[in-house]
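One structure, pasted below without further comment.
Chain IDs A, B, C and D follow the sequence of writing; residue 1 opens each chain.
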């Protein structure tokens, strides 16, 4: 039985590692300026984790194979070096690993969070509510109209609770169900939650950030590839959570302007 | 069975439009609902998050909070006898509220107190039906495709906003009325309340954005009184 | 406690055993104090976070009666110490009537003061309510009611323990367990200290 | 820490009558079994729920006959609605984390064996002990009550993030009374666990037999002791959190609910609350909870490994110190659950470092276990197989923690199936393996009859392979970006993943079915198993020095005196290659 355990374990370990080694399951191609750092970090970690995973499993299998169900009274030995060796090795190897990862991780993280958005970044406000995203562009005056929760009227497509009757600034605001952005231009996305916690996640963009009610958060990013990508909610927000999604539409600058005009006419 | 539901829905709408009470050959109140001013622009609905619905529209569907017709006709106005008529027993056939292409048909569904209500999902996606009553009992249920219709009834008269929690743009209204004398202004804004026994009535017209108006009318014999309502429309 | 009912126990129930149990109940009560402290820490850090993250933080004036309550609680602790001194020589088996009487006197005083404190806290609630400050009025009042209520509950437990000790002295003196009494005393003093800390927080934060 | 010199008195009389013997018993052994039974009941329910979820995910339109009877609104025509999926998910998580992973390895085995292993006759406070079980039981009843009320169970997940969990029934079906019941149940559970932890600590400190120094306690006793220290503080934080949540829901306070929320078209009458406050309070409990689940299993596994290796670990002390440092570090890492939750990005780094640091003690333990296997003579039994399986699972689950500990990678993997795979392996399956190992190892002691080895090993193979088939693919799904807690996969990119999901579901159904072998074995062996001798595994610790099952007062009137460290294996002893802890014969060392 001990030998069988060893064999089964080896098979399991190799089978588990195979899809990773063959890159059968990987994140989609990165379309952001900051994403490559995260991807490098991910693959480094994958290498180290994979090494320790296979190492530990195979050693376990080998020892069980060799040292299980030996004949009665077989000579018992202790591992040369004993506990001290184990502890020192663990400290040195893992400690170094942890330190390296910690530092690298800091770099990748800093790219996303410690650099403020450029002043010329395009400001877009996004609102997450049960169970859809809506996006608001400031319009010609470059100002967002104020939000009045009591004015929200979804049946009338007033998702943000604007008050055009009294608030001039809100009249030219452009509200859209898709997030259209120009390529290679930094976007400063202001995040507002209408009801409960939600999250903004675009896999290709390597951006995930929660919407926290009552907390005005923001993220900034630059998309480098034209195309249509899925925005999904990753924070459990209620029964429609699975279906809470929108599209990120990365366009060429002039297409974007056309789109903006078109939308403005619909408001 | 889906076909049957659509059919039922048709019947129900028809019935709702020309509901007749127990007094044949009575008087009739008829008229036209119009608006003055500029009504709010009906915006296109972005259904991209629900492809199975989006692909049902060549041009994007628009909101239905203010549906207008030629020469200022105003549709989806519920006209009913709010006073003067006795309460009627609920009719036997069910009022059917269908979810199709991620919209509610009809947008405004009128039916009677204790009349059976059937909510049907004709879409390939899960819907959630959440009526928001103030005096009646509240419920909030989801309806995956291929599940039996949700059956319910309301025991107090009320105008109940209905929303779908999964698709924020889906909004409709249940008009729960206590007698059978009601009509919903159709294309051209016309309505007709036939078979009214002689008497003095209060006619009320209700619109989801513009509120309600009332007029007194007295019916003697089998005459036809014409009553018109004009709503003030605001751009915002 | 079951020693009366089960003969073979007396054999094992040596003085050493009693000491083991005294230790158990002592460490028990200290461990209990740790966990109670921790949960009040949680409440209070919640208070700090809530205050830091909000714009609706107002100020409420604490009812003056709180200070009388505080006084009562402190005095009750003193009384408890006195009764502890008085009962020092008393053991399960042999009872010195006089000592018990003195001890009982102080204990009853402790109990009375404790009850006064609880009543006073209730009065403080009524006064706040009279000002229109209810549990849900604003964050400050919410925290005031929650913290005082939690402390009150714990204190009631202490009062329960006091009643137990007293009843054992009065009704069946020979069932008096020193360890229970010691534990109760530690707990009671802790309640006093905890209240002082809470009062400080309420006063500075609310 | 003074050496406890005395034997406990018979703190209670021998129980008479069925009620006293088996229901409201003060006997730690009966209470331990009660905890075990409760855990077993809960795990069966939790497993059934996971079956329903997995089934719905891959065959969403297939009717599940009979499910309509469980909930008409939740499963009209036997088809699970999105909200009912979330109800199942919430109840699965809550049952498993609280009533299985906290009860089985810690409360159940701890209650039964901690007093015996330190030579005590019962817990320090038997009445508290009884209370703690029955409070836990009430908590369980309150929780499952949510299934039968018309409102249905809550849908906000076992983490119950505010404001979703706080605004009441506008937030969706189940968020009315269902959610209230959840809060009440967890609050009660906290009280029960606190009583239990208090008891464990006092018992370990003061009721140790003569000669039983702290360092002479078996490793699993140490694990239970450390765990109870963690539990004592963790649940003391969750309780206030639950109280505040319940107040927000029922009394109209605003601890967690900010102003201006519009839920179901209704403006919520709250102001100024902080949703992050809930997350901080919850995870301050939540992360230590992970170790409350895994540490006891580490202890049990070490205990069993040593016994089946027939030689001591390279160093038991190192294992104990590692467990301590894990327990200590577990208080500084809660923020790693909140990297993308809008917390100050700097604090993310502060939380990331201690989280990565936990890998060091974890690695040390693993290496000690592995290194000790070298040169051993491992007896392969169901128990030792599960113990070895634990190590493998612990490694597999552990390495994925490496990714999630780094904020930058968490941006990509947060809330994906990668996380689900990670915690299921390291905290779920691993600690359950510990429970299985403990069951096969101690069943004879607890019931007087041995479990059937053949069935046991069959059960092991199916479970070991099965769990890998279920939870490894979760990591792959997560890497592609498959989001967790979705009741249906409507994203464009999930289409190609469905075959993998089908595979997982089938594996889950099979592995679940395999557990019936275990349950059958439990029942069968109870009546038909071969009688257990006093010391069937040739163990050295005190539980093997008394009859199986032990008498109501464990050691009768003899009071064990301890002469040795717990694990005198591989030496020349009078009985064989081992020396009992309480035998006066001199040890080799």
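In the analysis below, a residue touches a chain if its C-beta (ideal position, glycine included) is under 8 Å from a C-beta of that chain, and two chains touch if they have at least 3 such contacts.
The structure presented is a predicted model; accordingly, all values stated were derived computationally and were not measured.
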| item | value |
| --- | --- |
| Pair of chains joined by more contacts [C-beta pairs], A-B or B-D | A-B |
| Cα-centroid distance, chain A relative to chain C, in whole angstrom | 50 |
| Chain B and chain D: spacing of chain centres that average the CA atoms, whole Å | 55 |
| Whole-Å gap separating chain A and chain B, where each centre is the average of the chain's CA atoms | 45 |
| For chain B paired with chain C, centre-to-centre distance based on mean C-alpha positions, whole Å | 64 |
| Overlap residues in chain C, where contacts from two or more other chains coincide | none |
| Residues within chain D bordering two or more other chains | 81-83, 172-173, 259, 264-265, 272-274, 276, 488 |
| In chain A, residues with contacts to at least two other chains | 129-130, 154, 238-240, 243, 245 |
| Overall pattern in which the protein chains touch one another (line/ring/star/complete/other) | other |
| Complex contact set, residues of chain C against chain D | 2-3, 5-6, 8-9, 11-14, 16-21, 23-25, 27-28, 31-32, 34-36, 38-39, 41-43, 46, 49-50, 53-57, 135-136, 138-139, 142, 146, 150 |
| Residue numbers on chain B that touch chain A, as the complex places them | 40-41, 43-50, 63-65, 125-126, 128, 142, 161, 163, 165-169, 171, 208-209, 234, 236 |
| Of chain D, residues touching chain C in the complex | 4-14, 124-125, 194, 197-199, 201-203, 205-207, 232-233, 235-237, 239-241, 243-244, 247, 251-255, 259, 271-274, 276-277, 280-281, 284, 557 |
| Chain D-touching residues of chain B, taken from the complex the two chains share | 126, 128, 130, 132, 140-148, 150, 161, 163, 165-166 |
| Chain B-touching residues of chain A, taken from the complex the two chains share | 129-132, 153-157, 159, 163-165, 176-178, 238-240, 243-247, 266-267 |
